[in-house]
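One chain, chain A, links the two complexes that follow: it is found with chain B in the first and with chain C in the second.
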Partner chain A sequence: MTNTDSRQPLMRISHLTKEFKLKSKRFGQKPQILHALSDVSLDVYEGETLGIIGESGCGKSTLGRTIIQLHKATSGTVEYQSKNIFDLKGAELKNIKKDIQMVFQDPFSSLDPRNTCEDIIAEPIKVHNIISDPKKRQERVLSLMREVGLDVQHMNRYPHEFSGGQRQRINVARALALNPKIIVCDEPVSALDVSIQAQVLNLFNRLQKQHNLTYIFISHDLGVIKHISDRIAIMYLGRVVELCEAGQIYANPLHPYTRALLSAIPPESPFEKKERIVLKGEIPSPIGEQIGCPLAGRCPNCMERCTREIPTLRDVGDGHQVACFLHHND
Partner chain B sequence: MMENKEPVTAGGDALGMQYSEELLKRERKANSAWNKLRRNKTAMVGLFIVSLMIFIAVFAPLLTPFDHAKINPAEAFMAPGEGGHIFGTDHVGRDLLTRVFYGARVSLIVAFGGTVVAGCLGVILGLVAGFFGGVVDSVIMRIMDGMLAFPFILLAIILMTVLGDGIFNVILAIGIGNVPSFARVVRGEVHIIKNEEYCNAARVIGVSNVRMLFTHILPNTISPLIVYATLGIAGAIISEAALSFLGLGISEPTASWGSILQTGKNWMDGSPHIATLSGAFILVTVLGFNLLGDGIRDVLDPKMKK
Partner chain C sequence: MSESLLTVNGLKTYFYTASGVSRAVDGVSFTLEAGEVMGIVGESGSGKSVTSNSIIRLLPPAGKIVAGEVKFEGRDILAMSKKELQEFRGSDIATIFQDPMTSLDPVFKIGKQMVEMICAHQKISKEDAKKLAISALERVGIPEPAKRMESYPYELSGGMCQRVIIAMAVCCKPKFILADEPTTALDVTVQAQVLDLLKDLQREMNTSILLITHNLGVVWEMCDKVMVMYAGNTVESADTKELYANPLHPYTWGLLDSIPKLSDENKSELQTIPGTPPDLRLTGKCCNFYNRCPYMTEACCQSVPPLVEVEPGHFVACHRQNGVNKLVRNEARGEVSCHD
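Up next is the complex of A and B:
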């Protein structure tokens, strides 16, 4: 998958920005602005898994939720089938929603406790009126359940009767019910035990092959992302700092933040010498005006320019994009 | 054991399918609301009490030989058991048992009707206010707060004066008077539930607001609602008595438990049975509704699956 440039993207996220207004504590004070996402541009290609990784609070989940329109974007567009999905209304929007589904992070709260497994999986089919015959609908639900590794006896059970892994399977089955093209996975395995994580990840892989799905896979787990992704975007403080092929990012990380992040993976062998790059200080506050590169205060390679300008994401060859002045040749 | 197991799995999908259909049916049956209620002993006691009271109310004329309105001063203040009057007689010589039986009609209708009216209006207002928030929420809830500022009985008096006498107006007055508290209970719950992740999941699927309100939000507010409604029934019986006492509710000679209790308390030292017996009926009925309500709440909660 080296020729990503020549392919037409399935979804094009451009200059997506999300700001949250924080209510001021004092009366009459101007509300402060929290920059959750700043100028995020990503192309998503058909059939790939785009991994999005970053530390807590860097805007990974906000990105997922903005794409899926649970948050209203402040500016920017998400193009799907050459239409900006934020401009759509009514029936058209409903149709687009069919193609873009989501698997949530918390398998415990994302299922209605008063609906049975069957109700939950059948709901999208009912809402979009895909199968109106109840008997056939039940068959469809059953085949979906079998696909994710559940069976008939689970149909009439309520969410609290399932384990975390099983609930996440119900979540996946619900997302699959509409035959979506893109599934946004918001840390779908981080709430699960490691052994269950592997099972669910393999399920994701299998479903992708069978249905030609495209995943936007959000995670903070380097191992998980490495396992599942074709391309990886590294986020830091609401910005994408590096974007490239999965293999490339581990072999040839360019951005200082990526290097530090990857050096945090423990060495595979105890005899292997591994240099640990430690970024000093804390992640800066996303509240208020943003000046300069977000990493400037912690970066070992910080230049004078970094404190004044914000580096943009630029291609440095082979589809490897990085937002750092070290690699900009101007 | 292994040998026995072989043919079953090898039997093919037909047998497996049949078996699973069976399994599904059994599970569905065991979890049907009625079967769950039947397994709940206290709920069954409540159901029995409520059914008994309804039976008494419906068949009151057939259950006693006396006329509930006939005044007979010669037999006033008879103690229970005296002269064929099982519950004795009241201050004007009417058979108390007959009056209590006839009183069940008014009291049950007013209590149930009033709570249903209050519940329906309160739930709708609470859902709308909680779900849409913002200006809608502020307007609805400030009106509710305004209504709460009046003491309930004063509000009911105002309504009764405007509407006039009669049983339906009593239901309406008690119902409207109780709307604000229902609205508040529901609104608070909706505020929490609408931000739950499963509501976000429904939004992602493309569920409409109306469907969201009635399939996800309302069912999840049901527990506190039922508790509040069963308490409301008790309150409504007492409110009706208070209104009758003030001459605004049901007028004499129509009996209601509340009015019997209210008049009976004037003769507490001489003939305590008038107030105590009618009071006991109120107590038992309220208890019945509470037990039944608790049972229904448990039945509707999927986590209670005994």
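Up next is the complex of A and C:
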């Protein structure tokens, strides 16, 4: 991890918080607040894949969407090229948005059914007015299609004529159209079958090598995340609870939640017998005031302090960060 | 062999659509003994769910069972009248469907739905049915079961709803549970809880379970036997440990290789199966896997490979595994260019 410390982060997410106001049920009542993201700080380095994992409702998708400003952050900053992208406006913002693209989860609803494959991939090029000559633009689209492994003869087909895996390739081609630096991938393979998933994962790895891309890769599948990531952040109830190198998380998980999550993965062979760490109950509600460690009610190692204070993410050596009092020496 | 609990033999279910006949299930055979857990794995569109729906005859109007037999304790399910079926479903066979939120009726309280189900199959009073329902809810680990009886499905989380459905399934002490992707809609930690629960119940009541899933990890954990399906056919069927240690069909190899494993090296190239599954309207003339198979020969394009028992209990449907020169896994790795 020593090299990451000396490297300058490409993107610095600091204290990012997103709250959703829920309509009150009764007239005159104060609206309740849903804490989707609380105080998330992450550094993203150039050329790496930062995996983000967590169960449904932990805020991983909200994080991705807030970074590309589909949601307006309540507080906190995202620094890119030493500028806070939330402060930018107009041409400057448009310029930066070119560098940060997204691949969405559902390959069926993320493509406009009325546009052909060519229109879809060409759209960002038109919007940013990069290639104005239609002939040259088409050439660019064709080269992108070849790059992601689509048949160029299918250029005039509509999304419904493609399979799930092919649609996800169109999504990737669209994201690549602007030569981005960072691609936020929100569960890009979870809607695909395993054999197709493997094809798309290989595509992501190959493109990263070729274009020196940086991925923020969101998934709930630990196998996929382990396969693709350099570093992994584990989220629980809107907070990052552990952050470290991909190998470390499996070799040396520190946070009780990480351990429980790892023990819940089905075995890799029928001969493997796993000891399971069971967390009682279910994820608590993110609505209302948050007191204490989010895991306190379910944690097997819960201490008195955990119910009062929220542990912060702290480095416990070798860049392994964990938000748990068990590993904080104070 | 004495009578098996469930025997499916040469089952063919076709869907008659405007654009042609879709061979969703095209020759599936297996047997399930009492107390056994069997898994069916395959990708979407391989016919896993249609197989299970054919067993309980819950097919949409377009779907017809055109051939084969399904026998439950010697009784022919395909010949049952509507009334017999109604009695048979729910009491002898219970079903757990994939999506827990949509398999419960949203406008009725959970208690009411459970009591209705119990009274339909057992001749007991409503009061007793209610007690039975509460004890079943308690058994599946729902806190405050009496209070939960008064809840509507939307008030419960996905994992809780799935527990309610499991409770309903075990109320009538069925001999056989059909679980169609019971944990696909759930998170891993909740999935682990639900699988543990199913395993406990299975041991306690000696029920057989037919578990349909696309997640091989779930199969390794739960099942004694496993059947792999591809494009409507059984391609391989064996004991779980045997299938893992000694898989024979090229599709099974591809499936096992394409799963990202925790023990893999970071960012290593995954082995993939090139291409996509075939159109089910065009299958049935040859081996359905031939166009994606690296070991394909002339014979594969000419006839459908029969399901052959190559070792006791290990069935495989592949032309190249029947002959004298058996295939060796990874033999073709060198020659096949890997798509991504």
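The rule is simple: the second predicted complex is superposed on the first by the 321 of 330 C-alpha atoms of A that agree within 3 Å, B and C clash if a C-alpha of one lies under 4 Å from a C-alpha of the other, contacts with A are read in each partner's own complex, and residues count from 1 in each chain.
Rule of thumb we're sticking to: contacts are C-beta pairs under 8 Å (C-beta built on N, C-alpha and C of every residue); 3 or more make two chains touch, one makes a residue touch a chain.
This one's a predicted model, so the numbers in the text were calculated from it and none came from an experiment.
Aligning the shared chain A places chain B and chain C next to each other free of steric conflict. Using the contact criterion defined above for the overlaid structures, shared-chain residue A:Ser56 touches chain C, although it does not reach chain B. Of the two partner chains placed by the overlay, only chain C lies in contact with A:Asn202; chain B stays clear of it. Using the contact criterion defined above for the overlaid structures, shared-chain residue A:Leu70 touches chain B, although it does not reach chain C. In the superposition on chain A, A:Leu261 makes contact with chain C only, while chain B stays out of contact range.
By the touch criterion stated above, A:Arg114 is placed in contact with chain B alone, chain C being left untouched. One geometric descriptor of the composite model is the angle centred on chain A: between the Cα centres of chain B and chain C it reads 80 degrees, in steps of 10. More residues of chain A are in touch with C than with the other of chain B and chain C.
Looking at the shared chain after the overlay, A:Ser229 reaches chain C, while chain B stays out of its contact range.
With both structures placed on the common chain, the touch criterion links A:Pro270 to chain C but leaves chain B unconnected.
Residue contacts after overlaying the shared chain place A:Gly288 against neither chain B nor chain C. Shortest separation of chain B and chain C in the overlay equals 12 Å (C-alpha atoms, whole Å).
No residue of chain A lies in contact with both chain B in one complex and chain C in the other. For chain B in complex with chain A, the residues that touch the partner chain are 20-21, 23-24, 27-28, 31, 196-198, 200-208, 211, 215-216, 219-220, 300, 302-303.
Only residues 49, 55-56, 149, 163, 165, 193-203, 205-206, 220-224, 226-230, 246-247, 250, 260-261, 263-272, 276, 278-279, 282 of chain A touch chain C when the two sit together in their complex.
The part of chain C that touches chain A in the complex is made up of residues 43-44, 157, 159-160, 187-193, 195-196, 214-215, 217-221, 240-241, 244, 254-255, 257-264, 266-274, 276, 338-340. Residues of chain A that touch chain B in their complex: 68, 70, 93-94, 97-98, 101-102, 104, 106, 109-116, 123-124, 127-128, 151-153, 155-156, 158, 160, 171, 174, 178.
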